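The letters A, B and C name the chains in turn, as written, and every chain counts its residues from 1.
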Amino acid sequence: MTPLLKLSSIKRSFGAIHALNGVNFEINIGEIMGLVGENGAGKSTLVKIISGFDDGYTGSFALNGAEVRFANPSRAERSGIAIAQQELSLIPSMSVAENIFISGDSVPTIATRRALALKAAPFLEEVGLDNVDALMAVNRLSVGEQQLVEVARLLAQEPQILILDEPTAALGESDSIRILGMVKRLAKRGKSIIYVSHRMDEIFQICDRITVLRDGESQAPQPAAKLNVASLVELMLGRELVNMFPAHGDVTRDKPLLAVRDLWPDGTLEPFNFAVYPGEILGLAGQLGSGSGDALAVIGGAKSCRGGEISYEGDVFLPASPTEAIARGIAYCSDDRKVDGLFLGRPILENMTSPALKSFSRYGILEHQKEREQAFANGKKFTVDVSRMDAEAGVLSGGNQQKVALGKWLAINPKVLLVNEPTRGVDVGARAEIYQKLRDLANEGTAVIFASTDIQEVAGLADRVVSFYRGMQVGEIAQEQITAASILQQITHPFDDVPQMAEMAK
Amino acid sequence: MDKIKNWVVENHDLAFAILLAICVYGYFALTNEYFATHRTGFAIMERFAVLGLVGLALTLCIIAGEIDLSIGSNAALAAVVVVRFTDSLGAFPALFIAVSISTLIGAIQGYFIAYLRVRAIVLTVGTLMLLRGVALFAAEEKTVMLTDFRVPDFISTKMLWYFSPASLLVIAMFVVVGLFMSYTRYGREIYAIGGARKEAVAAGIDLKRPMIIVFAISGLCAGLGGCIIGLRSGTAQALGLQYVLLAGTVAAFIGGVSILGGKGGVIGAAIGTLTVNFLNTGLVFNVTPAFMVQLYLGVLLMIVIMFQTGSRIFDDYQRRQQILFDVDARKAPLLARKAESLKRQ
Amino acid sequence: MSAPITQPTPNWLERMVRDYSAFVVALVAAFMVIFFIGMATAPNFLTLFNLKTIIRDAALVGIMAIGLTFVTLSGNFFLLSLKETAALSIVAFATSMSAGYGFEISFLFTMVIALISGMSQGVLIGLGGNPIVVTLGAAGLLFGLGSYWSDNLVISFRRPHGAEWLGTGSFLGLPNITVAFILIAIAAEMTLRYTTFGRQVYLIGANRAAGKATGHENFGMAIKTCAIASVCAAFVAIAFSAQVSSAHVNYFSSEFGSSGDMTIMVIATVMVGGNSIMGGYGSTLRSSFGAVFISTVDNMMVLHGFNSGPRVLAVGLMIVFSIMVFALVRRGSRSQE
């Protein structure tokens, strides 16, 4: 029988990076296909192609045996492919029913709220929200229920294929169970579901078959029953290691430079405790929603927390704003450089010196020459193309932007550098340079803490790893024991007691 | 009783607006013996005919997360056009032409705001000036006047003690727009792009349609308001009517819109405008000079802004509490699993 | 990816090329074209006297626009309360002058009032209030206060008085108000380019979140820039009052520009100068040129016998044109990413 959807030898490259390099993918009617792979393996690119957000690929894309190509998401939607992305697209203040009928062809032009609610009922029932009042505002629901409403909105457009991109990343246990239950129910009713997830337990519970992506290439899909956690991990990690990581330094761990005691960031389940020594690169490993990035943001003064303290240089404090952290020599680089890492419309030079304006000014007057020298020196250290120092930061490629976003912190001579996702959206060449620079800084005595969802990165760069899982601190791995497999185990299924969630779901 | 209580909790902005309206009305009714008469009621409704339209237009714009600064100029243009053409073409064709022009101007503005992806305040500052120029042009820089005063007499005819053809038309307009906003998908799209524009776009709403509709309605209201003023007084000035922006904004905010968009409604707009009209009329009754009205309006708007800023800070606090509460509610099973696995090791 | 050698500090020409985009060049080109058409068709246009008139007419709006540019560049849009701030200031100044306090005291008194009003608006904006709505409310409040204080009457003070030098005096053949405009334009541009504060204005305007992350908060910035804008408005009020030896709250609503609205003229000037309304891009020099540009166009239209209608229309067209070009240029540069 021909699969409902069949992609063969799909290739997609962004500049010099080959995001997808000959991917085959298929799904049958009523099947749940797991799509797994490490960060950067090409999952999101593939999902974007299937759902019509990206049509810059080559290769064959057949739906129901007929060759198709979607120029935009609404075309894909009309052909029956709907995607629930990680960020919700619900209007918080509107009712559940209004949200379900907000856009698309199925929306009645004139209807009362009650009529919409009646019309929404079957879809809510389908996702297991039949006990929810469709007239209630969406923002009164839990995050998990909102996720289900999002799926109900997609179902209202009568899709054949439903893509769920990490639907449980931000959810707790009971909400996850509801989502899994819904996925199974939908599949029984003949919908095909592409399920993207990092969580091993979920994958094995619900998926019929599993496709593994690795470095932009796909493995042949295998029935979930034939795999187990160990063999799946092996499939995911089998990538050949380009040695882009610098050698570890000598760290003397006698007195921590910065220690975090019972620090409890908002949204995480429990307080965290860890310390970093001068000259050490500490890796915080964890998936999306694990709390590793939140811990960094709190230390950098960019996020609120429920309590705890940071002891640093014989002082105990909690920064209320980034300004306070900067004054103490703590630099925090967030995971999204476009949001708060860069001044895209301003010259690179101004970006490079932005955190340390005071050190280039006397009586409030900027010393341009000194500023330039400093910016050029720091730029060169981070291999920023200094001949473009006066160009807008927005014209740089992703890798170079990241170098500027990181390199600007050299201006304050940080004693502690906190980096969330040091190489997100960065090409291989720039990655190696960024790793090398972080190591150089550590060798000069700076303590570096980075949080990452990329397992290879954590394994290759960190001198010590602290691992996080769903808002909990679950383990610590000393330098000698760091392997990709040990990290993967801790951040995907730290408690080897996978409870019978399948039963709970019923 | 419980029903009322629930309603108040659900619609506290509207409840506050009604309370404020009653307070203002009550104050003047008690301090001035002529205030609570139907003669005054008629005067208030006559004001409502114009200010209500402006308040309605601004309410819609603010619901969509934007603001239309050109509303005064648009109204002035319509007033000039209608007064100039009434003598030669008759009132209805002139009205039709003037209102069509204003609506079209609004729709074009909406289109460009969505197409250029600029904020409406930016574009409407430009059109504010542009439309003034056009109005000056149309009026040949004079105060235009009607020669035949039958039309002004007709639209201020008293009907049913409180109303005139003008105010009845405006009330009808409120009803139509209210139904449109509540019961059509287009109205819901307007709420959506105001309250959560990023999410709305992600959900597949094309910004152009709601933007064009909002600004077309805004233009329609401005045009109709301008026409009513022009025809009622029989004169029009190209540079007049700029005061309606402040009054309309105050009315919209009292009616419960939020500057962040997505909140408020037509009933709120009506109550907000009535409150402003009670104040206006009451102050005139108490022989307060006209400039003092502006002072009071300014104070009122500042209070509303401070209130909204405060309530936003409070909302942030509450949202954080909600997150913490959610965490506490769902952490137990996971922490238990962690503890168990620690025990095993 | 080898790092080239350090470049020397660019000279002024290189900096011009760096700081001023093709659009500004186009603006200057348009200015030149109009200049030449005007020269060719209106014989009185290119006289020294007319040139002085142009700059003089540009001065008052220009000074206010320079003040407002700080607000706009820092990403806080614009203030709708400029003419009302000026109205309150002119009443304050004239009241103090007519009471015989002398120029210095009256000047300080007016400035303090403007500072307080500007800073309180800044606080509300810095706390997250929408600049448009906050200043719309403030506008009503300030105008009402001014009217109440002056009882809506004209306040005049007798010549000779201590402010005459500012209103009607001249220096090296230029009216003092023109000299003040030039000095303020230079000082503002120097502030933006060479001070830490100026750099912060640009950084916060370009990306408020990144500004916060690098230790530059908008709260203080909103207060400072609103104070600057208000002080500039107050200065204009004082200069105007010194010129006519009197004050009335309506001076800035009726006597200014042909459109009858000083605030909108000032905003128009900032926009026509080609500053980004979303902040982070532009300069006070652009606003100064914008003022001269609008004034030149207006002057030429007057010489050609146009009435106020077409003149207001021209200003409106210029604003809309600059918004569109700017939006398209910005969008073009973003799509290159």
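We adopt the following convention: contacts are C-beta pairs under 8 Å (C-beta built on N, C-alpha and C of every residue); 3 or more make two chains touch, one makes a residue touch a chain.
Computed from a predicted structure; not experimentally measured.
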Original post:
What chain pair has the highest count of contacting C-beta pairs?
Top reply: B-C
**OP:** Quick one: point me to the chain whose Cα centre is farthest from that of chain B.
**Re:** A
Original post:
Counting in whole Å, what is the centre-to-centre distance of chain A and chain C, each centre being its mean C-alpha position?
Top reply: 45
Original post:
Using mean CA coordinates as chain centres, what's the chain B-chain C distance in Å?
Top reply: 30
**OP:** Provide the C-alpha centroid distance between chain A and chain B, rounded to the nearest whole angstrom.
**Re:** 42
Original post:
Of all residues in chain C, which touch chain A in the complex?
Top reply: 1, 3-4, 6-7, 9-10, 18, 194-200, 202-203, 206-207, 209-217, 276, 280-281, 333-334, 336-337
**OP:** State the interface residues of chain C toward chain B in the complex, per the touch definition above.
**Re:** 77-78, 124, 127-130, 132-134, 136-145, 147-148, 152, 249, 259-261, 264, 267-268, 271, 277-278, 307-317, 319-320, 323-324, 327-328, 331
**OP:** Over in the complex, which chain B residues touch chain C? Could you list them?
**Re:** 67, 69, 112, 116-119, 121-123, 125-134, 136-137, 139-141, 238-239, 242, 245-246, 249-250, 253, 259, 289, 291-302, 304-306, 308-309, 312-313
Original post:
What does chain B use to touch chain A in their complex?
Top reply: 182-186, 188-189, 191-192, 195-196, 199-200, 202-205, 262-263, 320, 323-324, 326-327, 330-331, 333-335, 337-338, 340-341, 344
**OP:** Provide the residue numbers of chain A that touch chain B in the complex, in ascending order.
**Re:** 73-74, 77, 85, 87-94, 98-99, 101-104, 107-113, 142-143, 153, 172-175, 266-270, 304, 306, 470-472, 474, 494-497, 499
